[in-house]
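In what comes next, chain A is part of two complexes: it sits with chain B in the first one and with chain C in the second one.
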Partner chain A sequence: MTASVFFGCTFIAFGPAIALFLFTIAREPLRVIFLIAGAFFWLVSLLLSSLVWFISVQISNKESAAQQKGLLIFGVVLCVLLQETFRFAYYKLLKKANEGLLTLSQEETMPISIRQLAYVSGLGFGFMSGAFSVVNILADSVGPGTVGIHGDSQHYFLSSAFMTMAIILLHMFWGVVFFDACEKQRWWAVGAVVASHLVVSCLTFQNPEYVNSLVPTYVILLLMGVWAFYSAGGSLRNLKLCLTCKDKDFLLANHRPR
Partner chain B sequence: MNASDSDEDVYNERTALVPSETPAVPSYRPDDLSMPDDLPTQRAKPGLSRRGGPAAVDGSGGGGGSDQEVDADDEELTLKYGAKHVIMLFIPVTLCMAVVVATIKSVSFYTEKTDQQLIYTPFTENTASVGRRLLNSVLNTIIMISVIVVMTIFLVVLYKYRCYKFIHGWLILSSLMLLFWFSFMYLGEVFKTYNVAVDYPTVGVIIWNFGAVGMICIHWKGPLPLQQAYLILISALMALVFIKYLPEWSAWVILGAISVYDLVAVLSPKGPLRMLVETAQERNEPIFPALIYSSAMMWTVGMASPMEAQRSEHQSDEEAEQSGGGVEPERRQFPEDELEEDRGVKLGLGDFIFYSVLVGKAAATGGDWNTTLACFVAILIGLCLTLLLLAIFKKALPALPISITFGLVFYFSTDFLVQPFMDNLAAHQFYI
Partner chain C sequence: MDLPSNKWIVHLLVCCFVVGVNCNSVDKKIYVKLNYTVSCVRLLNATHQIGCQSSLSGNVGVLHVLESEDNLDWVLSSGPNPPYMVILESPLFTRSVMMKLKSGSSRVAGVAVVAPNTNPAGAFSPHTTCPNENSGVYSETYDPAMANCNKTVWNPLGNGLSYEEFDFPIFSLKDDNDTQVIRQCYLDHNRAVNGSRPRYPLCAMQLYSLMFAVTDTATCMRRNDINLSINPEMVCDPLGDYNVWASTRPLNNTAKGHKMWESAVVAAARLDSRSFFFDIAPGAQSGVSGFVALLAAAHALRDVVQEAPPNRTILYTFFQGETFDYIGSSRMVYDMENNQFAVDLDNIHSVLEVGQVGLRNDSKLWLHTDPVSRRNDSVNKEVEDLIANLRLAATNLSVTPEVPTASQPLPPSSFQRFLRARPIPGVVLEDHQSAFTSRFYESMYDNAEYLNVSYPPNLTPEEQLRFVTESAKALTEVATLVARALYRQAGGAETQLVNINADSQTVTQMLYGFLVRTNNSWFQQLIPSDFMSHLTNRPPNLYVGAVQQSSEPTVLVQFLMANLTGSTVNVTQENCQNQREDENDKESRHMYIYMWVQGAVPPNSTQRQGFCVRSTARLSKAVSPAFDLREFTSKDYSTWTESRWKPISGRIFLVASHELEMLTLGVGVGVLLTSLLLTYVISAKADILFSSGREPTNATY
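Showing the complex of A and B:
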């Protein structure tokens, strides 16, 4: 417990996301703003689903544990669906804003492309989702205590941290694939994103059997990552050029002015 | 604390969001333009001021309407500069909130229940019935807001009749109290929390240096980052005082009421803040630097305003509230070589204070971090929207209403609705 667990779990959960933020988003004000707006949209979706869950709990039988668990599962499914709905709504809003700005400026190019917006908004959703899932747990891990003293799993903190990291990265990949699918009107891809989100959430119903929930989640993470890479325009050739530092576009784009 | 929390006065003016308009002719000398732009930030000016993009943008926007290409560039640049200005405000607001939340979570002094209350909120909340408590908090709010209104009007009158020395003295006393007394208290509480034994001479040296450099930076000249840091620190100190001494329900009602007041005072034609702004514009006088956070160079060569940021201590409460909120268009004198640069944005210190009070209260009540995060994001989005409106309307706008409304909505809904849901999910380790 205490400091080592706290720092370890924090860096596991947020490390990749913060690195992504620092290296790709922090320098561009427009991207930061859209990140925070994405976080806001996720928050609103959570609010609505909590409202529905709260009302359903109030009118239900509070004594029955099975019913409460059933309501919670219903709440989770509803929350996932609402999150994806709000992702779509954010996409629509961004498209409208983009079009508005384009007509205003009569320019050919936007200051920020829809692909960047997909990445940034996905990461925004991810940050907020991860933060809400894990921050209270991290705050508790600073203080004294014994994990699992009543017979629960001893790996609670670690598994939470790994799950959070997976969720944050997944949100980012989902964002990229989702926006790309909406752009190209490929509704089956949109359905696949929603379905994979549902699958990941439903896998967590098996916790604390962490092997059953974490391993498939990471498999899905890998698959979604590859899918997002290809839908963002990546390819094996690009990857090779990038890794051997022969990608001229990348080098030119990153040439910093003095 | 019955002592005058006059620091707030100092902050009254700050919340003005003022878009600064770049002069149409870039090479124009300061004395002709900027004066009108610098609205005196007397309490009345809460607000955020934003300087428009580079002079070229405004100039071309103003004059060359028929030039399509220039307009296109303008829009692109305006968007980019607009985004840059938003971030230039996000960072200090985030820092101030972070300082307040960090203090609240670690130093228990600021969350301890105390029977001492400010003289502005005389009604106690330790009553038996809910109705009585609600009534008391509403009465407290009415008293607080009326004190603020009276002080603002007093300030407008002082300003109109050019009692500059009085205002100066007032401001100096305010910042003295904040920089020395409150920071001494804060340091004492931090040492107590971490059980560090420090002797008085050391503390004396630290506080003396901190306060003296602060006074110089804020009221005279100093490196911009240092000035910004001091303004953030004093806003945080003021917010902590509010969090400690305002009773629970009164604090929330006051936050709501002050946003309404801000809206009315800045936008209505007879509002005190608006009158103050207009008077300052007529006289071509600059704003008090001590009451406004600026993200860019504030001082220009030859700026001869006698009204530099002095706010008196004892009005700090009211003033802080008054300054909470106004956005005004601001113009400033710029030496020629600065005309091409970004003018920066300004936000009144009262805005900082009230944002931090909201987030600090969210952090103080209950051990829940989700509520704090939700309020933080809500306030940032509100600020973003306010800046968007500023870019559209290009006139003084109140910075408090949208952010505080979002903040309050998200605080109460997260606390009552989202928290039980997330707690249940965490107990079962379900992930959404």
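Showing the complex of A and C:
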């Protein structure tokens, strides 16, 4: 296809992430640092899983299709587990770093709350994983052709872009839920995050039936979004207040010093 | 591969680790690369550019398989999805179709011609009707009546396509799986049923053949000299290679210029050919038949010129680049005039040229002469003698030499370049009386099949190599005639003539080597080991090519000439490769060429037994003097250059409709704007949204 497809897919995949970055992160140097650190942690997890994959492919029998399929499933599961492990490691690291920051800073409160950290690190994970999923496809979308000469669906680029958007947002929500669960030591919630990550990853085995993978993914995205909203301190009341524009009174009621 | 996911990521990384950049599975889902792509390339001369080219990023067009000439309407006016990439079956690759496409080139992205596996029944010659019109001897000053093929149109079937300029790429495809994929793709996606618009996605093709040079040789040679960077970017190269020459008596090649008491009979043939596409130039009739006959004649003369040497030397010359305004012969004549060659023009006694001799009707061979120089009595007498010698040589042979009408000019031949310098007596042997008999002059069909070099089925390559075909037998007769005539012309005794016989086995092996596959056991024995990698399982390309690239047939002919006329000498490999008989020998290199060839494998061994061949088969430069003189607008010498190009390739794929592309872009922009707006609102009201009693809202949110 052409440049229009390239830009269209880029905007779909990274539009929400870019907007979030611009309005909530770019202004705060500390958040930018934590975002990049999060992205780095995700990269390290990918490096480890690809090492394991590299070795296992060398060992496996390349002729046997069943074995290769099994290997692929194994690779996906391993990759998801490693990513979540690194999320936990990053959480631990941030806790330590936050304590250090607190002792350094002259102020009484922490310069960044653990909720904000959760959101920023989740977005960092999302950015990197989204980039790795879609950059190659985007590179090919600039060319004159579209997928389909071997009978595949021509909506490949579009659905890839939507999938990437979902994955980026999911990483963000997972980050919020995961960190909150760790804070409150609700291990079942951590398990739910890992499980939903596994489910979303395995849903892509449904491809090229894109509807079968995209629809459940977006359902999970919606659920995770609601959950993350509540874990981040949101509530139906707040939402109502916000929508009915009673925030002015609310502001006064909370007498925030500005 | 499927959608982006972790498995995809893992796969991508593995790909990068293991295979490198090429393992891009998305690319494979989109594109089918064409394996066999032969393009037409751009050539330039003093005034024109010819050939084809694509745009910088390759030309993309929707496939259209042209079924008949009427079908052109769809491409040129009525089709709804221009530009079109036109797939032509070879019967439609005609001048009228191509010119219509050329004139409507805003709707034509390119053309791919499907080359058939068997030759067509009709005629096809993309060359001009009057080959080398302006560079032969027949100019307005020489004889106005004969200029520009006024008397005889030599190639009446020529449609001149090779000399047209197209601003879209033209490729040749083999009729195989690739082409089947293209046809299927066309049928599945692009075929308009009952005149309705075909629905997207449509099947399309992209052809890359970007040419660097434009306008003419003077322009591109000037651009070659602009050195803006450390690595100068060349845009074009002169056409040229090497002539092969040998003599029956060794001539001192270090002392150039006139040789006292030396008188030479030149036996000439041309080495090259061309076709519309640069990579396929089999030239069976136009090139191979002539030089194989001359090689066989030289072989037949090997022993007799040692045992009963004639008075004169026979100088065998094989000219390269003759198709492009006589590059090889004009250079040799130029060198002779400027004392840059082992002999000069005063040493030349007469010329006997072997032209196209592969297709003889009624076993006749036509002796063409130049009527203008024969107006001089002394020249005329020499020519009459030469014709008499040829007639004498033909006794007891099944070949009958005949003389066409005396007023007919010479056909396109290297001898014309000698005549341009001075009136040397000479004869050109051809299989046609006036116009060419060849139906496929300078086309890709001028191949083994056209020359009737065919073998019974179920023969192994080794058996095919040894099998004496009828064409080989016929060509052997011609070779014998040439050999005997040369011997007589050089002043040899008439009694020796019966001992001169060309070997049909050698001829058939040469035909096999040059028309079927160069990689055969016989050629392998005759070449040095470092040339082995150049042998292939297909016939060599006789297109002369740019100077920098050595032309395969040239070197092969030199090796064959060395082996067929030279002698095996007992010299060590080291001395042989240093061009000497022994450690103290410093003189032999001026007279001989030594080659260490790899030889055959003895029956009870696995190692080849190499040996040293001493011969007079040398190479001499075949680059047009125009490039040495830097006269890029020369009217006397060939000015052909070949443009440089980016790698030539082609691929097919589907294209999506403009609507879908715009939809994607629109959705993308929509998503971006919505998320910008939403994020702005949420982040502005974050403190309300995410406020709970437990954690105090932070000023930073």
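Quick notes on this structure:
Quick note on the criterion: the second predicted complex is superposed on the first by the 238 of 258 C-alpha atoms of A that agree within 3 Å, B and C clash if a C-alpha of one lies under 4 Å from a C-alpha of the other, contacts with A are read in each partner's own complex, and residues count from 1 in each chain.
The rule is short, and it goes like this: a contact is a pair of C-beta atoms (placed from the backbone, for glycine too) under 8 Å apart; a residue touches a chain by one contact, two chains touch by 3 or more.
Quantities reported herein were computed from a predicted structural model and do not represent experimental measurements.
By the touch criterion stated above, A:Asn207 is placed in contact with chain B and with chain C alike.
Touch criterion not met for A:Gly225: it reaches neither chain B nor chain C. Counting the residues of chain A touched by each of chain B and chain C gives the higher count for C. In the superposed model, A:Gly145 lies in contact with chain C only, and not with chain B. Of the two partner chains placed around the shared chain by superposition, chain B is the only one that A:Val32 touches, whereas chain C remains out of contact. Shared-chain residue A:Ser160: touches chain B and chain C both. Once the two complexes are overlaid on the shared chain, A:Leu46 sits against chain B and chain C alike. Residue contacts after overlaying the shared chain place A:Phe54 against chain B and chain C alike. Touch criterion met: A:Val76 reaches chain B and chain C at once. Once the two complexes are laid over each other on the shared chain, residue contacts for A:Asn136 go to chain B and to chain C alike. Once the two complexes are overlaid on chain A, the chain A residues touched by chain B in the first and by chain C in the second are 46, 49-50, 53-54, 57, 72-73, 75-76, 79-80, 83, 129, 132-133, 136-137, 156, 159-160, 163-164, 167, 201, 204-205, 207-208. Looking at the complex, you find that chain B touches chain A at residues 68, 71-72, 75-76, 79-80, 83-84, 86-87, 90, 367-370, 373-374, 377-378, 380-381, 384, 410, 413-414, 416-418, 420-426, 428-432. Within the complex formed with chain C, the residues of chain A that make contact are 1-2, 4-5, 7-12, 15-16, 18-20, 22-24, 28, 46, 49-50, 53-54, 57, 72-73, 75-76, 79-80, 83, 109, 112-113, 115-116, 129, 132-134, 136-137, 140, 143-150, 152, 154, 156-161, 163-165, 167, 201, 204-205, 207-208, 210, 213, 229, 232-235, 238-239, 241-242, 247, 250-251, 254, 256.
The residues of chain A lying in touch with chain B in their complex are 29-30, 32-33, 36-37, 39-40, 43, 46-47, 49-51, 53-54, 57, 68-69, 72-73, 75-76, 79-80, 83, 101, 104-107, 111, 128-129, 131-133, 135-137, 139, 156, 159-160, 163-164, 167, 200-201, 204-205, 207-208.
Per the touch definition, chain C reaches chain A in the complex via residues 2-14, 17-18, 24, 26-27, 29-32, 60, 185, 201, 203-204, 206, 651-656, 660-669, 671-672, 674-676, 678-680, 683, 685-692, 694-698, 700-701.
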